[in-house]
Every structure is written in structure tokens, then in C-alpha cells.
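Listed next: structures, encoded as C-alpha cells.
Two complexes, one shared chain (subunit A), two partners (subunit B, subunit C).
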Partner chain A sequence: MDRTAIIGVGMTTIEAEKRRETFADMTWEAVNKALSDAGMTIADIDNVVTTSSDFWDGRTISLMAVGDVSGAAEKNVSCVEGDGTYGAFYANARALSGSYKTTLVTGHSKGSQCVSSLITNAAFDPIYERVLGMDMITASAMQANAYMNRTGVKPEDAALVSVKNHGNALKNPMAQLPMNITVDDVMASEMIADPLRKLDCSPVSDGCCAVIIAHESVATKFKQKPIWIRGLAFCTDSFFFGDRDLARSKALTEAAKKAYAMAGIKDPRKEIDLVELYDAFSYQELLWLEEMGLADYGKAAARLKAGEFNLDGALPVNPSGGLLSGHPVIAAGLYRIAEIVLQLRGDAGAHQVKKAKTGLAHGVNGLCGQSHCVWILDKEK
Partner chain B sequence: MAKRVAIVGTGQTFHKSHRPDVNGQELINEAVQRALADADLTMKDIDAILIGNMDHFEGINYVDCWSVDGCGGVMKPVIKITTGGTTGASLAIGGYHMVGSGMFEKVLIIGWEKNSESDTTGAITTAFDPIWDRQVFAGAISGLAAEAQAYMARFGASDRDGARVSVRDRKHAMNNPHAQLRKEVSLEDVLASPMLADPIHLLDVCPRSDGACAVIMASEDSAEKICPVPDWIWGTSAHNTYSYLGDGDWGRLTSMEQCAKEVFKKAGIKEPRKELDVIEMYQPYSFAGLIWIEDMGIVGHGEAPQFVWDGNTDMGGELPVNPSGGVIACNPIGATGLIRCAEAAMQVMGKAEGRQVPDVKFAVSTGFGGCMWTNMLLHGKRKPN
Partner chain C sequence: MSEIFKGIEPMVHNSKISVPYSWWAGDTASKFFISLRDARKIIAPRCGKCGKVFMPPRKVCPTCFTENTDWVDVSDEGTVVSYSVSRRQLEAIPGDKKVPVIWGLIKLDGADTALLHYLDEVDPGSVTIGMRVKAVFAESRTGGIRDISHFKPVK
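So, the complex of A and B:
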């Protein structure tokens, strides 16, 4: 198989409400930042994959809102609906199929214009489940309870994820919620859906991220040092909660296993230097780490407490502050990829981790992590 | 190394205006079962699934996740591609890249729509810019009427020319058991049918349908083992012109011209009129059967009406267009582009039964949607070089 690399990234700041900016304005900013980062012009891009959601955008054919500013009018183009890691997966396949050399991937979201509970309620089965009034938060609370019941992890343990990630965000100028808080602050914050308190939940956010993926034949032709794509995979579990073990996530285990195999990684705990994962809620960071094989099941909390996942720990997790510090749905996974790229290049600034050769980026689709996408990126080819 | 890619199986529902007997997952499953049976494969053989529809027609968020019980995606990679009317064709192009990448050996591609559950025009209207375009854009028909008016003004075509295309497609649909509307009509019937948006009469335009289509693609490593005559994908192209109504070159479909040039160049096709054997075009209304074959380069600008009147695009003609009856005979929107792809594949594979065009070596299928966007696939009997 041919090799591919990421040769440019661009992010807008993540904010609670970008009132002055349309989808197109945000995308224009991220695309131009990515082009400038790569030392390219839009003429150097030969195709475009946008990632957007008609539901989150409140528009049919949501691609129409951002195609023009992505330079798509004169190029081949497509649109993946779901998390940005899936859009980037398709973009990577377009390079590997020998069809294209340079693919621009965008992902945008304006949570500020959304009623999240209605939009995520629409992800439940229209006949059997929707009338129960479930949404992403109540569903995740069920998963948090299932996980805590199974493992003995306490809400206070998960709260430490929020403390760490908001603390990391203090060093990331793109983050929406840099905060110096304690476990007590998290436990004293408003109860949203037991056991999830306000500071256990990611915020509503606006933002756009753009990433440029290149085929190996052109990966070194531009300004930036390429970050190589070593392995990637995605996998989808059952839909109905009754068909799943909510306290586990076997789709993530499967996706991670495939991504490791493709990357030739035998011992992920030793070979992966840092992780940017989809911590939409505090407990998810622990569960996802465990299901990716980076901690034993039920044991991530203890390692977190020991400081291993801190910025200066043995395995820094979400040095950017993660989703808890800014969650533009759809774009969020693409931000994870872009953050890993910056870290591996040594360009992450104040939140740069020390050892950064191999990084893992992670995205999620659907309710309570029904579908996961795992990327292994590397400084070396 | 990139892999060559072929279609090895297709399946469709029997499309209807309303399928109250099934829910969305069951509708999807009908098409999936037929495609698996056609290729003589089971779900275990499938490495990944691509699925698409238009969200606001059924009002289901994260369809890739919701659909797994119907599509067979439990513990498999499932990804959603959605581009409006072009969705079905975008999915086919997506399948081509996924298999061509070497990451997946066999993929299942599914387009579906249960339009009976939707307010179709209400949903489509929200595609347009809320400030500048939405107030003047009343769904799909008005935009198409503007295109037809511009074409008639620029090239002197008449509403009778458009009606002739509708008569053709509705006649062709008689040969297709999957088509929703199977009733022959005369020119007079079309012209006497209610005017929807001048010059488009009711019988000039597509219906809205419930239906699903599934296509299985495999790489060159297994395609010929699965199927004696696979349908090889020679090239794909997707062009979206600008998204504001004022930016269009009305009366021409520039995206079709861009796709045709790109795909024909890839395959070394210089005279498409002679070298193509059949076209399955996403043609949502009759006048597109004139305008868009000109932009595809089959005939020169303004020459399509005479070409069609002379019977060249009829079954038995020089270059049959829409042997299936096309979109005018059925339109489950998210599936429609993929049905064109499946029908073209069936023509190449020799499986098109009553609507088979003899000895098809090259076929073209297209998707249409968004803001005058085109997607295109070139299908061939011979393995690409």
C-alpha cells in the first residue's frame, strides 16, 4: 500500500458563540490557515472532502454552505456526514486509490445555533426510543452509571479528568474553556443527569478545523514536514442499547486493534507517546483509554490519579484540553488529528509534550460511542 | 499500489410511492439481501459499508449508526456520505475509493430514502443560503423550470421537445419491474398534464418514492472470482459548481461538462456518442434529457431535440438513454444516483433482462443534485489498463 501524510492543519479558536461568523466564514479561516501552514495555495489542492451534518447545521445538503470557500467549485468534492475523523478517513482512501494527490478536509460546527437535546434525541429510534425523551447527555449518564457500577470508579475519579483537561486548556490558545479547577469544583457544579455534573460535560461550541492529506509522491514538496499516517480504522457497534454492553465499547477495541496492526504496533502502551481522544464527558476519557488497550479495564482512574496522563506524564492524554475544553461536534475529531500533528511536529507551543514521535487521534460517531475511528500518526515514515 | 475496482452485485427494492409495510431498516435490508444474493456472498464477506440518504426527509440523525440492524453493519466499519441529490452517486464513488485504496476488499454501498415520510420541498428549500437565496427558491421544481426556460430561450427548444423525453422514459419504464411509475403516455398526455412551474408539466417531472439500492464492489483480487462478468469502474468524477443561484450558467450544466471531460479523458474516450453504448442519467425532469446530453458531449449545443426526436436515445437507437425508465419513473432520492450506477452495471454485466441493451462495452451513470451538481461514473466490460 502507498503511504500518505498530513502536510498542513488549520484551526479556528473554539468559542461558545461565533456570532459574527457564518459556517463559510469559519471554514474560510481554517482553510486559509491550513494552506498557509502547508505553504500551499488553493491551486495546489486537487480535491476536497467536507465533513458536516444536516442536523447540526439545520440545512439540507450542508456541504453547500462550505463548498465554495473550500475551493470546491473547480475540483472533485464529496461530503462525509459524521465526525471529522471519518471525513479524513475517506480523504485518505481517495489518496490511496491513486486518484488524488492533495486532499483538503474540513469539518465545521456551530453548536451555538443548535438545540442539542432535540438533535441528539433524533439519533434515537423514531418509534421505540425517541418518545422516552432521551438525548446525548441522558444516554451518556446511563453509560457512566453502567461503567461506574461495573468498575467501581467513582464520580470523583472521573471528575479528575475534567480538572486535568481544563487545566491543559490554560496552555492552548484555541481552547474555549481554560480553567483552573479542583475535583471539589466539579463535584459542586450543577447536576445535569446523574452522575454527570456540568463540569463533567463538554460545552456547546463553534469552530472549524481543516487538514491537508497528501500522497507520498508529493508529501515533501511543500513547506511543512509531513506527519505520516501509519494506521487507521473504524468500527460500528449495535444500535439499540439493549443489544450493547454499555459499560464496554467493543467497537473501539476492534478499531484500535486494526489501527495498531496496520501501524505495526505490538505494544501500544510502550509505542504510543500521546493521545488526543473524544472526551465528550469526563468518564469517557477513562473508558476509551481502557478499550484502546492503553490501560487495564477499570484501572485508568488510578493511573490518572498518579499523574500518568498529565501533560508531563508517561502518556499525556488530551494535552490540548480535549472536548471538555471545547466541543465543536463534527469538527471535534478533526481537531484531535490536527492537535496530534502539531505535537509531532513540535509546534504545539505551551502545551507541547516532551516525547512525541507516535500519536493517537480518536473520533466518535453516534450515541455513547457506537462507532469509533482511530488514527495512528508518526513523525517518521 | 491502488487496486482496480469492479461492481460484482446489485440489488434494489420494488420502488413505490409509499411503503407502510416496512420501516427504514427493513427497506434497506431488502436491497442488501438482493445484492448479496446477486453476488452470491454473505454479510461475512463484506469488509465495510457506505450508506447515505438525505437526513431531513426521514428526520433520523446519524443514519450510519441507526441503520446497522438493516444494513448488516454490526461490528463493521460503517460510514455515511451525503451530498443531496448526488448522494447515491457520491456513495458509488466513495465505494470505488475505499476498495481502490486497498484498505477494503469488498464493500457494500447503500442508498435509500423513505420519501413518503418527508416534506420533500420543505426540506430541500433549507439547502439554500438563508439570507440570499432561500426566499426565492421554492424547492427543486422552480430551479429546474428556470434551467428549462433558459435553455428554450437560448437554443429555441419547445415544450414538445421536453415532452418527447418524458414519453421515452415512461415507455422504457414498462420494461423495468422495479420502476414505480409504469404507464405509457403520449405527447398530448404530457402537455395536457397540470402545469407545475412553466414549462414543466406534471408528467415532465419525477415522482418521490420509497426505495433502496445496494451495490457490492470488489477489488481486482476477487472480482472475477465472484462474478463472471464484473462491471469495471473506469473513472469517477464529482463537480459541484458554485452554491449561489446567481452564479449558474443557466441553460447549461457546466458540472456535467466538467465531469464528462474528466472521465472520458481518463478512459481515452474521444467520441462519446460512438464509444458509449448506454447512459443511465439522473434526469429528474424531461428537459434535462436534452440539455445534459449536450453538456455530456454526446451532441452539440442545441442539437439534442432533433437527436432525441430521431429516436437515437430510444431502446434500439444509436445510444439508448435510461433503459430503466430513469428518474422520471421513480425517485427515492438518496438511492436514485446509486440506482443509475446499479442499472449501468447490470447493462455491462448482461443482467438487465427486459431492459438489456445488446453488447454493452461502455456505460455512463450520473448523479445530479445540490446546486446544479453532477457526479459521474464510467463503467466498462473490459478491465481497465
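So, the complex of A and C:
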């Protein structure tokens, strides 16, 4: 099969409220950073994939708001909803199709401009469920209870994820919530939906990220060292919570298996050097790691406690600070990809991990991880 | 930020999208809702191939990829598979519900998948996975999911 690579990334700082930038302004900044990172001009981009959500953006055909600043005029531009990993998946398919050589992928999100509880409530079935008034937080609390009941993991065990990730964010200038906190601080923060306290939850955030994906025939033509796409897959679970086993995530297990197989990875625990995953809530980091086969089921908490997922641990997880330190929902997965790219290039700065040859980026779409997208990226082709 | 915008106060434009939707419930949900409304009975479709009984009702069995063929009565009692307790009055919570609001994922006896609904008449701290609960029907029923008021613990 032909190969593809990521040859440029750009991200804005993640902030609680970007008051000076519209969607288009944020996108302009991220796109230009990605072009400059790649050593390209907009003329070198032959097609565009955006990531936005009409509901979050508060307008229909929301991609049209960012087309101009993505250089999409007179090009093929398409929108894929999700968190950016799905848009990038499509961008990669385009690069492999033979019809395109260089695809610009963007993802923009402004949680500050709308009401997350109402938007995420609309993800529930309109006939049977929406009127009951659940949202992303109360849904995730339901999953956290199922997970903790099954595994014996305690809220204070999951709280350590928040401590680690906010601590990592102290070294990432793009992060919204760098914080030096303790498990006691997490456990003393407001209970929003049992067992999830405020510091177990990711914040409301604004931000935009852009990455450029190229076919191998042009991947080394520009300035930047390419980071090779070795494996990628996504998989979706049933829509209704009551159809799923909420304490598990079989869609993620399947997505990871397929991505490892495509990458030729036999033992992910030995071959993956670092992970950036979708930690919208503290317990999710543990559950997602386990379902990707990077820890035994119910045992990630013990390894976290032993320091294995720290920045200087055996398997650094969310060295950027993750979503707990900044969660621009619709761009959040694209940030995970961009962070892995920086790490593999050795360009991550203060939160650079030591051994970074093969990295895993993980994205989610849907409540309680209905759908997962797994990327295996590599420094070497 | 470029020099020309220095000191500019950020303006904000407030707006609201107000678009009514009328969702046709479809034959399957309508049959279920009419049974709740008129008979206080919970019924569910069953797959003719694998025998799975679906809650909430839907037309198609996702596993067999076939249309469900018959309907069965399911119990108004079941087991809590998981639950959630909101302590903050989140915006999505309906106006008639005050925190703490408890939601349960309830596997009714006779069904193979669990239904999302309210748990009430119980202290939020004593809700457990595996708890047995029973449906309480609303006094005034209009043909919707809230024709079941909530589920309460089985004494």
C-alpha cells in the first residue's frame, strides 16, 4: 500500500474564552502555523477537510465559515464531524486515493459560545431519551459508575489522572489549565455528578488545530521531517447505552487491534512509546488505556500510581496535559495527533518525552466513547 | 495581536436559535407509547431470528440486520445496570426536576437491553448497581417516555 505522512501541524493556545478571535480567526492562525511548520504556502495544498459541528457552532453548513481562511476557494473542501481524528482519517483516505497529494485538515471549537449541557443533551435519542435531561457529564458519570463497580477502581484512583495531566500542562504553553494539584484537591472539588467532581471533568474550551497530510510522493518535498502514518482505524459501538456494556469499550478494543495490525505492531505495550488520548473525564484515561491493550482491564490505576504514565515513566500518557487541561471538543482529537507529531519530531519543548519513536493518538466521537479512532504514528517510514 | 487592534474592547453578539421540531415517533415507538398511555403496560419488540427483546423499542435488530417480527410484554420490574446522580442543576435538566436528579439504566425482566429513565423515591447515596426497581406510571399520560414517571426501589 502507498504510504502517507503528516508534514505540518499548527495549533492555537487552548483558552477558556477566545474573545478576540472568531472561528475563522482561530482557523487562520492554526492554518498559517501548520503551513509555516511544513514550509508550504497555501498554493501547495490541493484539498481541505474541516472538522466542525453545526450544533456546537450554532450555524448550518458550519464548514463554510472557515473555508476562506483555509484556502479552500476553488478547491475540494469537505467537512467531517467528530473530534478531528475522523476528519484526518478521511484526509488520509484522500491522500491514498491517488486524486490528492496534500490535504489540509482543520478542527475548530468554541465551547465558550454555547451551553455544553444543552448541546450534548441533543446527542440523546429525541423520542426516548432527550427529555430526561442527561448530558455529557451525567452520561459519563453513568459510565464511571459502571466501570468502578466492575473493576473496584475508586474515585481517588481516577483523581490521580487529573493530578498528573494538570501537572504535565505546566510544561505545555498551549494548555488552558496548568495546575499543581493533589488527589485531595480533586476529591474536595465540587461534586457535579457522582462520582465525577469538577476536577475529574475537562473544562469548557476554545481552540483550533490544523495538520497537513501528504502522499509519500511529496512527503519529503517540503521543509519538515515527515511523521509517518503506520496504522489507523476506527470502530463504533451501539447507540443506546442500554445496548452496550458501559463498563467496557469493545469499539475501542476493535479499533486498536485493527490499527496495530495495520502498523505491524505485535506487542503494543513494548512497541508504543507514548500516548495522547481522549481524557474528557479522569476515569476515561484508565478505561481507554485498558481497552487499547496498554494495561490489563482494571489495572491501569495501579500502574498510574506507580508512575508509569508520567512524563518520565515507561509509557508517558498525555504529556501535553490532555483534555483535562483543555478540551476544545470538536478539535480535541486533532490536537492529540498534532501533539504526537511534535513529540516524534522532538519538537515538544518542555513536555518532550525521552523515547519517542512510535506514538499513539486516540480520538472519540459520541457519548461515553461510542466511537473511537486510533492512530499509530512513527518517526521512521 | 497586531498593533491596530490594541486596546479594542471585545464586543459580544448574543443570539439564540429557536427552531421547533415535531418528531414523528414512528410506528414502533408509537405502539410502545400507546401501550404505556392506555394500558400502563411495557411492551417490546423481539427479533424473530436471535430472540433478543429490545428496550427502548426499535424496528431493526442491529445484530441480525433484520426487522423485528413480534412484540412481547416485559415486566415493569428490573435491575439497575448503572446510574448517575446530578448534584449540579445542569442546563439540560427539565424545569420540573430539582437536583439531586438520578438516572438509571434499567434492564427490565424479559428485555435484553436496558432502558434509560429516572430513579426516584430513593436516597441518591443508597442507589447501587444490581438494585431491583419497579416502574411508577405518571398519573397524567400523553403518549411519551415520561408516561413512566420514574422507577422506585422494590421493597
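Here, the second predicted complex is superposed on the first by the 381 of 381 C-alpha atoms of A that agree within 3 Å, B and C clash if a C-alpha of one lies under 4 Å from a C-alpha of the other, contacts with A are read in each partner's own complex, and residues count from 1 in each chain.
The rule we apply is simple: contacts are C-beta pairs under 8 Å (C-beta built on N, C-alpha and C of every residue); 3 or more make two chains touch, one makes a residue touch a chain.
Fair warning: this is a prediction, and the values are worked out from it, not measured in the lab.
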Of subunit C and subunit B, partner touching more subunit A residues: B
Which of subunit B and subunit C A:93 touches, first, second, both or neither: first
Touching partner for A:58 - first (subunit B), second (subunit C), both, neither: both
Partner chain in contact with A:145 - subunit B first, subunit C second, else both or neither: second
Subunit B versus subunit C as contact partner of A:242, first or second or both or neither: second
Which superposed partner A:370 touches (first subunit B, second subunit C, both, neither): first
Touched partner set for A:350, first subunit B, second subunit C, both or neither: neither
Touched partner set for A:125, first subunit B, second subunit C, both or neither: both
Which superposed partner A:79 touches (first subunit B, second subunit C, both, neither): first
Set of subunit A residues, in rising order, touched by both subunit B and subunit C: 58, 120, 125-127, 238, 240
Partner subunit C, residues of subunit A touching it in the complex: 19-20, 58, 115, 117-118, 120-121, 125-129, 131-135, 137-139, 141-143, 145-146, 149, 190-194, 238, 240-243, 246-247
Contact footprint of subunit B on subunit A as seen in their complex: 1-2, 53-55, 58-61, 63-65, 67-68, 72-73, 75-82, 86, 89-90, 92-99, 119-120, 122-123, 125-127, 233-240, 250-251, 254, 365-367, 370-371
Residue ranges of subunit C in contact with subunit A within the complex: 1, 5, 8, 10, 12, 15, 17, 21, 23, 25-26, 29, 55-56, 62, 81-88, 90-94, 97, 101, 103, 105, 107, 113-118, 124, 129, 144-146
Touch list for subunit B against partner subunit A, complex: 1-3, 5, 23, 52, 54-56, 58-69, 73-84, 90, 93-94, 96-103, 123-130, 236-244, 262, 369-371
